[in-house]
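Here come two complexes built around subunit A, the first alongside subunit B, the second alongside subunit C.
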Partner chain A sequence: MVVFIIRRVLVMIPVLIGATILSFLLVDLTNDPVQQQVFEIQQSTGEPVPQSTVDALEANLYYDRSIPERYWLWLTGIGDTNGDIGLLQGKWGPSIEGSATDIGQEITDRFAVTLRLVLFATIASIGLAILTGVISAVKQYSKLDYTLTFIGFLALAMPIFWLASLLKEAAVQTNDALGTNLFKTYGSGTTGFKGNGWELFVDALPYLIVPTIALMLGGYAAMSRYQRASMLEVMNSDYVRLARAKGVRNRTVMRRHALRTALIPVATFAPLGLATAMGGAIVTESIFGWRGLGAYSLKAIQDGDSFAVMAYLLISGVVVLTGILVSDLLYGVLDPRIRYE
Partner chain B sequence: MERHHKAAVTIAACTALALTGCGAGDQRPSDLEDCEFEPATCNSGERADGGEITWALDGSWTGWNPTMASDNNAYLSSALTGMWPATGQFDPEGEYVLNEGLFASEPRLTSESPMTVEYTLKDGANWGDGHEVGVDDFIYHWYSISADDDRCAGCTPASADRGSAVESITGSGRTVTVTYDDTYSSAEWQYAEVLSFPAHIAEDQGFDWKNDPRDMADSQTWFSENAPIGWSAGPYTVTDAEAGQYVVYEPNPDWAGETEVTLDKLIFQVMEGLDAIVTEMRQGTIDGASPVSVDVDTITRLEDTDDVDYRVAAGPSWEHIDLNTRGDLLSDPVLRSAVLIAIDVEDIISRTASLVQFDAERRLNHLFRNDSPNFTDHLSATGQGSGDIELAAGILEDAGYTWDDGGRLLTPDGEEVALDYRYTESKSIRKTTAQLAQANLTDLGIDVTLDPIADADLGSVLFGGEFDIVNFGWSTDPTFVDGASQYWDSESSSNFGGLDDPELDAVLDELGDTLDRARAAELANQAVEMAVDDAYVLPIVDSPVAIMVSDRLVNVRDNWASQQRAMYNVAEWGVSES
Partner chain C sequence: MSETTAVNPSLEAEAITTVERGQWALVARRFFRHRLAVVGLVLFVLVLLFAFVLPYFWTWDYKIHPEIPSRAAPSLDHPFGTDKAGRDQLGAVMRATAQSLKVAFVVALGSTVIGALIGAVAGYYRGWVDALLMRVVDVLFVIPFIVITAAIAGAIDSSVKWYHMALILMVFGWLSISRAVRAEVLSLREKEFIEAARAAGGSAWHIIVKHLIPNTMSVIIVSVTLQIAFAILSETTLSFLGLGIQSPDTSLGLLIDAAQGVAFNQYWYLFYIPGFMVILIALTINFIGDGLRDAMDPRQTMVRR
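What follows is the complex of A and B.
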């Protein structure tokens, strides 16, 4: 398996480099952030921006170099004169937002915020998907099965931005009705709140509930269908029928024989689901005002902050590729018929 | 909107009652509805001692140094308003109010050539940390905006028009004298910003800013990267802050201003998106906001929200349609004139701004709002913006333009007139404006292609002149001298449509040279008239903006004339005593 992992990781490298080249070209060819910044400054000050400032902005952001040069600098840092660029040297490059913004620090801080949301949502969606999928399969064609199927399809059909907006409004109405602020609908914590880990968690909890539900519902529906189909397939397999014929109790058959095997597709889907949820988090974070990775990427794209966009795309690429790798590995761990060579 | 009609009727009725001596005891407390008639005193009231206000800012900032290009934006300016050493502020009536915590008297012009301005600091004006404000602070600010590597090596000031023209700054006691070089003069010298960061803090951080231009630049970066905690020149002092997220203020006990601060705490919190702001207003998690845009849905929701007062009025930016005078077809002033005449501005306003602001009116001067004492209507008589297709067609016909059998307009050379119209796609007002203008111009036989621009590309489209017609907005305030040159001077980088009118340039030069503000206003109007004759830019409307406040707040009102909008008078903000 170690050889398999090494081989897969080595394959990931050219895939990532190819993805970064494509992304870099797309980002660079579609915007000129310096001119936009100059325009906005002139709007703000009502005066022309000094040419020396324009030149400095271009030099600071390496817009005085050609696109291939900029990519090379971004990747290697070789030839850098400002000491702030070179991915292979651990430098993410300068942000259009100025020296006060360190892209690496922003990515780290915001990744933690997004991970909090995505992790809770993914765990909850997997739990809910397994529960509803198994119940639907065991009670196939019952009213309960139809109801759960209907709810699943409803969640699947609703765009995340709509679902999140509805849930937000429901939370506001609930707060109004109860005369409390039980559900927080903007931000990921109290403004300026300082405390230890536990205090921070307790403070963040009211902010976490509604966005987690929104992201969870978006992710659970598809997974519950997988779980139902997988459970039905296993329940109709020979070894389950044999177990029943041997007189093993139905509950034991379900738990020990059917469910364990039926969990394999969902378990292998989970890492990829986590990566997919990060994409969904862009919308959820925007609606609930979370300062996560998704919101950061959105702003970076809007502002044409090319190195920030590249950082996000690279992180996303790594997460997705890692998710796929872990999924593949889990197949081998959970299904004894699969061996890696 | 209905609500404001009712408000106008109510106020008129109350005024009538007051004049007849009746109902004196029935006077209701002042609120935002009064701002239509009393813009600088509406929503005033007695303040309780103490209280806390959380105010939402609908945009963020990245660094803390507004003099630097990378940090400069209106939201940073708003976020720092409680502690910043501004020279003064325009109030909602357009009157300039000097910073009472810094200056003992109005700046004085002591010499016209070279222009020399004398500032008298107030006794006790200080940085909130035991240091008095002094001449070094003036010099520090000058260096930071000088765009001169001998003073600040590698600095990137957002603007340097004034800073690069300062010849010397000297001090004597509480008097500071700023002398400019012979090339510089401005009729608006009294509004110049002369302070930013405390020089002694830069020294405390180890920067030899006076003698080493590199250290000076590094100190600028340091101020950009570090929140201004521990010092303040305003009524409040920052106790906690995160760039782009929030600023927490508490009263500054050392402030030298006369206005008593009553709040215990003032929080500015970034909250992007109108929907989020209104939702949080409904829940009472914020007490107010003055976002840069407003839509019908927002107003409907505000109407349904208890304990929240709001008002929609003309804001600080104005929408306009510009033509590219360098274009193959639009280089012809006759065609430009016909295009601007064919566009029906009143119709555009009725389908855009009027949906949210019942008294929205057409802007009729590029430099002066319709309620400015310097305002003159230079547009109506020309027919520009009237939507008069017959008039436009007549002008074109006289100039040799013709129409083919399909009704398409052809130039005297027989070329079909086809133009592209650019606008930023995220602004619904601009999309509607574009569609209506397209319909108007189609009636004239002009084939108009709508080509939306991503917000982040507006700058490159404008600087690159990649348009025939473009619709965007300019920010404004009661100053006008710099604006005129910026819009129309043939050398200006903001003259995006490339207008090149030597006579207009000469007027702009004279406008830049005069120190007499009344004469400057005359020249500005002359410039507007000439720009209108050039058929270059068609003003549409002052974009509507909203202010929404919890009805427990007093002395909080919107202010189009200040970049800080409602925050222009935070020292006076308070929680109602009643």
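What follows is the complex of A and C.
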């Protein structure tokens, strides 16, 4: 098992490096932060920007070097002049926001915020998907099954940004109608709120509810279909028939024999759902004004903040790869037929 | 999905007088028995007519006209109302649907061709070609495509056109298809008919294009439908975030973005109609895909259970 994990992690490293090279190339070829900065300075001062300023900007952002050189610098930090770049040394590179903004610090803070949203949404969607999937399977071809299936299809077809906008306004309306402030629709917590873990959680909860519902729907749809199919397959298997033939109560058969096995595919699917939710969080965070990773990446793209975009791509790549790894491992742990050498 | 429970009485007659039917005739027959898929197909054709034909018969286009009143409620002149700037919303929705659909079709077609070819080449050659191509797929899979497509789209100097969006989305669209086709080809390549083609002196290209890809057609066609849904949702999301198609042109995502905050006041139609169009397209396409998958599944018998 340990050997398997190590081997898989070793395979992941070249994939991750390849992904960073490719995205570095794409981000670099399509964005020029220096030019963008120069343009902004020109806009605000109304005068042509002196060459010395351009040179200083280029030196600060390492844009006086070629792309391969810059990538090497970004990865290793060997040969940097300002001491703020080099991923392997724990430095994320300069942000166009200036030296006051440390990309590493920003990413760490925001990762916690995003993780909260993504975890809640994934857990909620898995729970709901298992419930509706099992009900659909047990009551196959009933009215309830058709209704749930249709809801699943609807959720699959619904764009997250539309649903999130709708839910946001619905929450505002509900607040107005009830004269309460039950749902918070902007931000991820009260600004400047201090307290211990539990108080922080209680403070964050009203902010969490609506975005979570918006985000969970995308993952829910695919997963409930999956759960229904897997439950149906198990219900038609020989050992469930045997259990029935032995005279075990239907309920016990379903719970103890069928459901347990039917949960395996969904459990292995869940870590991947976490990775998908990371993508959905970009939209959800920007609509609900969360200071999370996704919103950060969007802002970085709009500002042409190349190193910040790279930081997001790296984090998200690690999350996706970890999701795939955990999913493979869970498969082995849960399914006794699979053995890793 | 929708199951026709009652056995068609004419089936028994068919069993006696067997008619020869080709594979595609069978697929079509099975597809048209799939009630939800047929409903999906009809609705989808209606959406196509709405987006591509109706504009020729409608007074207004998607542009701002000084004679159009601002924020007018739906009426006979403007069935979907008008927006703040003085656009006919029906004209705008038709144009937006057409633009989003064009992106979706080009992405679906392009990424399917790319994905099928790459998957077939990887599966047919195996060895280092396969390893290399599949690592490329892995690498692209790891990159969050919303962010990278947004970064590329944001860099296009002039306003982003629908074909820019289509090209960018295509780069990330072919991954799942190539995996699916490769898996099929890996087993197909060991079959006798491929061996026969090889023995007859068929070149690798000939075998891939004439023998392997046609035999993975069921996988490919289903994936086209999935790609259309994927592309519609991605394109509208990017446009909504301001990173896709830019004004003065329009897209369903842009229309929804423009209608932020009106869902519960008197301008609600500005928000719901474009959203409804997105959902309708994705929903009907998914139904069609579901029907096609069932219809092309060789394990399916002639009679649907």
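Note that the second predicted complex is superposed on the first by the 333 of 341 C-alpha atoms of A that agree within 3 Å, B and C clash if a C-alpha of one lies under 4 Å from a C-alpha of the other, contacts with A are read in each partner's own complex, and residues count from 1 in each chain.
Just so we're on the same page, a residue touches a chain if its C-beta (ideal position, glycine included) is under 8 Å from a C-beta of that chain, and two chains touch if they have at least 3 such contacts.
Treat the numbers as computed from the prediction; the structure is a model and nothing was measured.
Look at A:Leu166: by the touch rule set out above, it reaches subunit C but stays clear of subunit B. In the superposition on chain A, no contact is made by A:Thr76 with either subunit B or subunit C.
Residue contacts after overlaying the shared chain place A:Ser237 against neither subunit B nor subunit C.
In the superposed model, A:Asn31 lies in contact with both subunit B and subunit C. In the superposition on chain A, A:Thr322 makes contact with neither subunit B nor subunit C. Contacts of A:Gln302 after superposition on the shared chain: both subunit B and subunit C are touched. Looking at the shared chain after the overlay, A:Thr191 reaches subunit B, while subunit C stays out of its contact range.
In the overlay built on the shared chain, the residue A:Asn181 is in contact with subunit B alone; subunit C does not reach it. Shared interface residues of subunit A, touching subunit B in one complex and subunit C in the other, are 30-31, 172, 286, 301-302, 304.
Across the complex, subunit A meets subunit B through its residues 30-33, 35-50, 52-53, 56-57, 60, 95-101, 168, 172, 175-176, 181, 184-186, 191-192, 286, 289, 291, 301-304. In the complex of the two chains, the subunit B residues touching subunit A come out as 54, 62-64, 68-74, 77, 147, 149, 154, 156-161, 164, 221, 224-225, 240, 242-243, 245-246, 248, 267, 269, 271-273, 276, 279-280, 282-285, 454-460, 462-464, 474-475, 477, 479, 482-483, 486, 492-494, 563. Per the touch definition, subunit A reaches subunit C in the complex via residues 14-16, 18-19, 22-23, 26-27, 29-31, 141, 149, 153-154, 156-162, 165-166, 169-170, 172-173, 278-279, 282-283, 286, 297-298, 301-302, 304, 309, 312-313, 316-317, 320-321. If you check the complex, the residues on subunit C that touch subunit A are 1, 3, 135-136, 138-148, 150-152, 154-155, 229, 233, 236-237, 240-243, 253, 256, 260-261, 263-264, 271, 275, 278-283, 286-287.
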